[in-house]
Amino acid sequence: MIPVLLIVIPLVSGLVGFLIRNEKTARSWSLFAAVVTLFVSLSGLILHKEDAFLSADVAWLPAMGSRFSVALDGMGQVLCLLTAISFPIIFIATWRTPYKNARNFYALMLLSQAGLMGVFLAMDALLFYFFWELALIPVYFLCSIWGGEKRIAASFKFFVYTFLGSIVMLVGILWLYSHTPDHSFSLKSFYALRDKVTGHDQLWLFWLFFIAFAIKMPIFPLHTWQPDAYEQSPTATTMVLSAVMVKMGLLGLLRWLAPVLPLGTWAWGDTVSMFCIIGMIYASLVAMQQDDLKRLVAYSSIAHMGLMCLAVFATTQLGMQGVMIQLFNHGINILGLWIVVELIERQFHTRKMSELGGLAQKAPVLAILLVVVALANVALPLTNAFIGEFLMFSGVYASAVTRYNVVFTVTAGISIILSAVYTLNMIQKVFFGNTNTLTEKAKDLYPNEKFVLIVIVVLIVLIGVYPKPVLDLTKETVDTLLTKMATATK
Amino acid sequence: MNAIIISAVWGIVMMFSGIFTRNKTSIRYLAIAGLIVLFLANILDLQGHHFFPVHTANMLFFDTFGLLANAILFGATLLYFLLSARDIENVGVKPTDPESVKAGVNTAEYFALIFFVLCGASLVTTFNTLLMLFLGIEIISIPLYILTGSDKRNLKSNEAALKYFLMGSFSTGLMLLGIAFLYGASSQGSFFIDEVAAGRAAISPLFIVGLLLLLVSMAFKVSAAPFHFWTPDVYDGAPAVFTSFMATIVKAAVFIGFIRLFGESFGPTQVKWQLFVAIITAATLFIGNLTAVFQQSVKRMLAYSSIAQAGFMLFAILSLGEIAKQGILLYAAAYSVATIGIFAVLIKMKDHSLEGFNGLAKHHPVLAFTSTIFLLSLAGIPLTGGFFAKYYMLLSVVQTHQFLWLVIFGVICAAVSVYYYFRVIQAMYFKEGEPQTLEIPAGFNGLLILLAIIIILLGIFPQWLLNQLSDIIYL
Amino acid sequence: MNNVISLVWLIPVLPLAGFLVCGLLRRHLSKSLTGVIGSGVILASFILSLLIFGQVRQEGFQAVVVRLFDFISVGKLSISFAFQVDPLSALFLLIITGVGFLIHVYSTAYMHEETAPDFARYFAYLNLFVFSMLLLVLGSNYVIMFIGWEGVGLCSYLLIGYWFKNIEYGAAARKAFIMNRIGDLGFLIAIFWMISQFGTTNFIEIFTKAAMPKAVSTGVLTGITLLLFVGATGKSAQIPLYTWLPDAMAGPTPVSALIHAATMVTAGIYMIARSNILYTLAPVTQTVVAVIGLATALLAATIALKQNDIKKVLAYSTVSQLGYMFLGLGVGAYTGAVFHVMTHAFFKALLFLGAGSVIHAMHHEQDIRKMGGLKKHLFWTHLTFLIACLAIAGIPPFAGFFSKDEILSAAYEKNPVYYAVGVFTALLTAFYMFRLYATTFLGKFRGTHEQAHHLHESPSAMVIPLVVLAVLSVVAGFVGIPAAIAPDAHWLGHFLAPVFEGSTRLHPAAEADKKLEWGLMGISVGVAALGMIYAWSRFSRKPDLEEAQGFGKVLADKWYVDELYDAIIVKPINALGRFFNSFVEKSVIDGIVNGVGRLVQYGGRQIRLLQSGLVGGYVLLMVIGILALFLVELFTKK
Amino acid sequence: MGTTQVLFWFLSVLALISAIMVVVSKNPVHSVLWLIFVFFAISGHYILLNAQFLAIVNLIVYAGAIMVLFLFVIMLMNLNADTEPQKNKWLKIAGVVAGGSLLLVLVAALKHADMKNQLADMGSGDIGLIRNLGLTLFNDYMIPFEITSVLFLSAIVGAVVIGKKD
Amino acid sequence: MPINYYIFLSVALFCIGVSGVLTRRNAIIIFMCVELMLNAVNLLLVAFSKMHHHAQAATNPNAGIDGQLFVFFIMVVAAAEVSVGLAIIVMMYRNTHSIDVNFLNRLKN
């Protein structure tokens, strides 16, 4: 029941949103819908923990062996919660940003939320693919209509990139489907295939899936759509893209690839890990050179996602748990960064760090909140990201599936240092130093912005200090995942 | 049989209607009425009510597959008539001549020809001998030559008609040579499709030659590369309203015939020709998609896109399974509806180039929105019928566990296709401009929305069509 | 009795509360209220620490672990948020809260020029620092320690960059943070290694497992300890990661006193002392630690010789003294090292606070060449500063003498070369400290008239901490009287013995040769006195005011180490980044992506040409197509 | 070599030469005339094969009606050799080469056909007689026969639509 | 007569027709060449028809008759095509005063 609601509420309210004439009403309506979704998600987390509430299964395309099957497992809970939290935060944070044709804007945002929820909830490969694309289309329109100067090219690059990846994945899904004995797309049938698909087939099938996920995450060298898309999108959309959408890739990896093709995952682990690490270092180095705030955050996100992917391939309990919790943390943290970027851009109409400076004098609250978020970005202890990165790194170090675990840990660890370099640089250039003519008249936060940033900071600290609830939530998922991945490697 | 006879008769009725009335509206309504009758008669046929118990000497075989295909074709034609019948009346009209504006030029004849084409199409979907296939294709082709050239003062239309005619008759020659060889190879000396490939014939070189020639000529008719060259020119030169018809209903009909021919007669010898179909498919996908990328005229782009779509439909020929048969019907339906829709919009545009679409979303949101749905469907994005169409095609090949390279190549081409379809969307939504349109009649928007809804329904519940289709699993 | 100990969580929580109150309400608190809250919470912690210290001192005390909650619990790995109370942590608690409290009090006066919100911000940072530092020493496992470890780094960053309008200060802060991070990476990897080796991060479990014979190979231990040491070099400013500390003097002077002298920089020593058993089991690491420590001590001392900024001299002296402590750790004199931490905390804090008082009086002038003759104007400051100088120079009976002597004698036992270098460094120390003293306080005043006019002793809130610390600098040494003077009088040694029990069992301290000890003591005192007297006599009359020349310039320019790092690390990395950003990213990766797009377009344009518009051409192509198919047929048949 | 053989070769050679002449003649009228020769030769073959009905129909429909129509159109347009501009020489060569290659390839593909023992009945068998054909045509081939009327109707309509001057 | 001769004769005629289509620019002549191709097919069909008759006459007196009937239909279709084709050519001639197929090449690329 709850999963269905999570998809249907944003979907329906988004469609209704198209019809609302008044801009303000549309805004409020979307916020209302997003908050309702959040409550539904929370109720799934707290009140209704029975399976009956957490899954739904309806006949959809019986002749094709596909069902409308959705369920909330631990990972799903985490990601749905992230999605559900993100959207109200985004709506509140951008409350003052004027969008022409706001109703369409908000309606499309809600549609993308529905798509994202669907991706996180789908337990049927075809349904998964459906939502995968459904989440993409609204975002494409959002970028292309409300984006920056080069929006058409950037969003199109993004679209073609991800579409290509996903359609290649479709081939993989079809291949697996055609090998299921019961001709079914259900996750269970796919898991049952594990021993039937030979190692040789897994070797190439792996890439059919992984490319789609790698593009989404993105993993070096398939990342070039990302900085452009982030830069050109309206920030609200960028938030969706980077906070939630990139998680689709990881979810795909964790739910649809690693347990389904464990041999392939195992065999290509080192190769992929290598790309992840190159990407981490590379993106960090490139981030150091950026002057545009959005691009900086974009590259930093690439580095972080690289680590998460690396941890998945380490196949250890520690690492997986780290990934699970980081799924949430990364979303929250980057959301905070984007909100700050959005506020700066709205006030000064520039994102160039070189044109800013001295904001800490004029907007101390913003500065403090940003510093906390930035510290979470560099994974300082007692922030949420530390928990995730600590677990992931220790997972990589303890990995038994690769011989290069130490090398991986150490080289990937360099990015910890580099992340400090560019993050502190950003703080320095934007907030410290003296004001200039542009930042002279800077204003501090409005209450709504303060509210969302405080929520984010509270979440950052709360999870950083007491991560147990989140860890417990995904414990079961991790255990099943590891069993699925492990039995085949023997 | 219902469909064949009624369509032929109604064609004659339409032919004569021009004598009795000069009022083009009544002619139009007559045509639409005829089509409804045709559609219903075909549905009745499907349910076992045969109006004309004619002795066919087994030359036609009315199975569910063929009749369903007919239903789809007629349904699509109905939508086509509803949307574009008014534009048929305007073909060849001289704006300076009030008489022709009022009554249209040859309106009745155009409708008659379309009915004849439908008659040919129903032959092609239900043939059981090569003779009927040949006749059906000719009955389709000859009216099309004329419809292509119907805008007589337009040199482009002239040129298109001439090219189409010359190349069409050339391909007829190839087809006949192929049929002759198959006849020579058959053991019994028969043209029945289940006999031509029986017994020792299958190993005879005559058979191979005949099969190849037949493949080539069918490939020509469905505009598969490298036999597609007529398509862009003809689609571009013909009046847009007829291009719409040619690119959708006619093409779908020929595909049904194609799969029928190869499924029934050459199914057992699949291994011998699969490679050729694979090559043709790859070439079609490649050329269609790549050439469409650079087109500046939307009309011509759609022509190339129809080649690219044919490439996908060829997957069904390649795999020839139950899935393929279901898929080709679904493809025919989804593709036809989307293309009819996008052409209906295109006809209303004064400027057929890409720039002509700039800023359409602002001035005509319904046109832009529905066009977007149609284009998304053509690109094969989920939630539209086009997705399941492509899905079936891919699945049918994947299930053969062969030609995976072709599937991958196909999906890459599909990604390329996104490029040119989205250029139109980009023009409509993200660019500024003052698009010039013709007068948009009342109800037109509603019909477009209806089409869009059909597309989306097909994209969410292909089941209602597939439920029908699942009956033909064991043909 | 455990009631007090179970309240140990209050010790860090109080400063945290202070941080939250000061930080959140900074716009609403008056300066005096802020000062009271900020110092009060530390005082409360100090009192609690005293109580706990009282408990720990009792005979037969066993280390107590107070578990608060599960921090990270994944599978078999369980990391709890727990505090460990034992002699070592109790001692550090005292130092941190005690010195911390004094510095807070001092700060209320020193920072009074700031606006109220900034003032509150300062105290919030300071409280946060104390909180982190307390976490660091209280943590019962490496992860909690690491939390504190990074926390102090953060606070250091915030406080160095406290005056954020100044970009250079910001750069110094960043440098400190990043260099610390490099060390932290080593620490982190060590933790990962320990997790995979021992499956836990708890001190007690790890030390027990490591101490079991043949449980863990020496190689593994060497690796882990070396990595931990990398962390220590970052935090405690040792070669090669020491260059941030002198730059860190950009922060307010009390901060330098607290963080960059008394407490944070000793975290590395604390960590190694805490892990002493691991180090004892890894002799190679011990040697490395000793050598690095000694080298740092010497290098920093040489640089200090030619510095003219009062705080810079003190900063290099801190680096140098830290080197001593590492030497002590490296030669196995853990008690000595901790002893030196304590005494150093007192006298170095005193030195910095004194310097702060001077700077305060001089209106933010830090160049000693523009001072001189301050003795007359700043009585208390001068007096306490002199005491501190004597203490650091190792003149008996001041505190520094005892602790330094303990380290040096242990070094002699290990290797006389260590001793020789150590003594030479002591000479340099005495020399530069008294150069500083003489230039600042003796001779004539060399500042401007205006400065001369305003010269005055600091307010009592600043003087009282100076006096308290001066007293401590005098008496603190008596807790560790060497056996040569009075057998069994080493109270600190007894107190800490349970902590180092494992190590001493492996390497029992050799029976000290009294004669030798006296001899060594004599040499070091003599050398120190020599340096002191020489410097005093030389600089009180004719201060060293010219720009350094020749070798002196090399020293004044800090051996060009910063320039070296810039050339071999910073610049190449930046160049690499630029290369990636402007070439690889745009031309290679994006180039390939766009290239594919362009290739498709180009292909489209070329293939379009096939569509020549000529029927003959079309038919020809069709026929060629047919020919191709037939050829395929003919060739595949065979 | 019997008479039929002689006739076969004669007619074959005649057909081939005439066909080539159709292609190479500059003057369209000549082409038409050569084409008529081909039709005659082919009709001769039909007779040899005892397909009298087809032979007659071929002459009447093709040589008689269709060719006259062609000739009529050509005359109407007043075409002669000069009206056709010279086609690109290379394209021409390419055309001939392509046609020749097609022949080669087809022959190559067919030469393995084991048809040596398959004979085309000559002079015997009466399936080609009008009576037999007619009987089959109006029984089994009723449907296609009727269907062709649709074809003709559409052709008529088409010719009217296209040919009408308006 | 062995069927091979007929096959090769027909194929040769067919290919001559194809060459004609390829080499000529006059629409009418191209069309005539297509007619030539159709005739080649007709001949082949009749030959095959007699071949089948020869093979099966014993069992089925009407064997092979389908081929000849097919030829009949081809002739019918050809006649229809000619009427339409010539109409198109005439229409083009009326508009452009040329029947050169390359004269009209507005539609390309």
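A few notes on this one:
We call the chains A, B, C, D and E, going by the order they appear; numbering starts again at 1 in every chain.
Just so it is clear, contacts are C-beta pairs under 8 Å (C-beta built on N, C-alpha and C of every residue); 3 or more make two chains touch, one makes a residue touch a chain.
Remember, predicted model here, so these are calculated numbers, not experimental data.
Looking at subunit A and subunit C, the chains that touch each of them are B.
With steps allowed only between chains in touch, the distance from subunit A over to subunit E comes to 2. Summed over C-beta pairs in contact, the chain pair with the top total is D-E. Ranked by separation of Cα centres from subunit B, the top chain is C. Chain centres here are C-alpha means, and the one lying farthest from subunit D is C. If each chain is reduced to the centroid of its CA atoms, subunit C and subunit D end up 102 Å from each other.
Mean C-alpha positions place subunit B and subunit E at a centre distance of 26 Å. Rounded to whole angstrom units, the spacing between the C-alpha centres of subunit C and subunit E is 97. Inter-chain spacing, taken between the CA centroids of subunit A and subunit D, is 71 Å. In subunit E, the residues touching two or more other chains are 3, 7, 17-18, 21-23, 25, 30-31, 48-49, 51, 53, 55, 63-64, 69, 73, 77, 80-81, 84, 88-89, 91, 101-102, 105-108.
The residues of subunit B that reach two or more other chains are 131, 135, 138, 142, 145-146, 149, 152, 161-163, 166, 170, 206, 208, 232-233, 419, listed in rising order.
Along subunit D, residues 87, 91, 94-95, 98-99, 102, 106, 109-110, 113, 115, 141, 144, 148, 151, 154-155, 158, 162 each make contact with two or more other chains.
Pairwise, the chains that make contact are A-B, A-C, B-C, B-D, B-E, C-D, C-E, D-E. The touching residues of subunit C, when paired with subunit B in their complex, are 597, 600-601, 603-605, 607-608, 610-611, 613, 615, 617-619, 621-622, 624-626, 628-630, 632-633, 636.
Subunit D makes touch with subunit B in their complex at residues 106, 109-115, 139-144, 147-151, 153-155, 157-158, 160-162, 164, 166. Of all residues in subunit E, those touching subunit C in their complex are 18, 21-23, 25, 30, 101-102, 105-109. Subunit D contributes residues 4-5, 8, 12, 15-16, 19-20, 22-23, 28, 31-32, 35, 38-39, 42, 45-46, 48-51, 53-54, 57-58, 61-62, 65-66, 69-70, 73-74, 76-77, 79, 83-85, 87, 91-92, 94-96, 98-100, 102-103, 106-107, 110, 113, 115-116, 118-122, 125, 127-128, 132-133, 136-137, 141, 144, 148, 151-152, 154-156, 158-159, 162-163, 165 to its touches with subunit E in the complex. Against subunit C, in their complex, subunit B makes its touches with residues 162-163, 166-167, 170-171, 174, 208, 212-213, 215-216, 220, 225-227, 229-230, 232-233, 275-276, 279-280, 287, 290-294, 416, 419.
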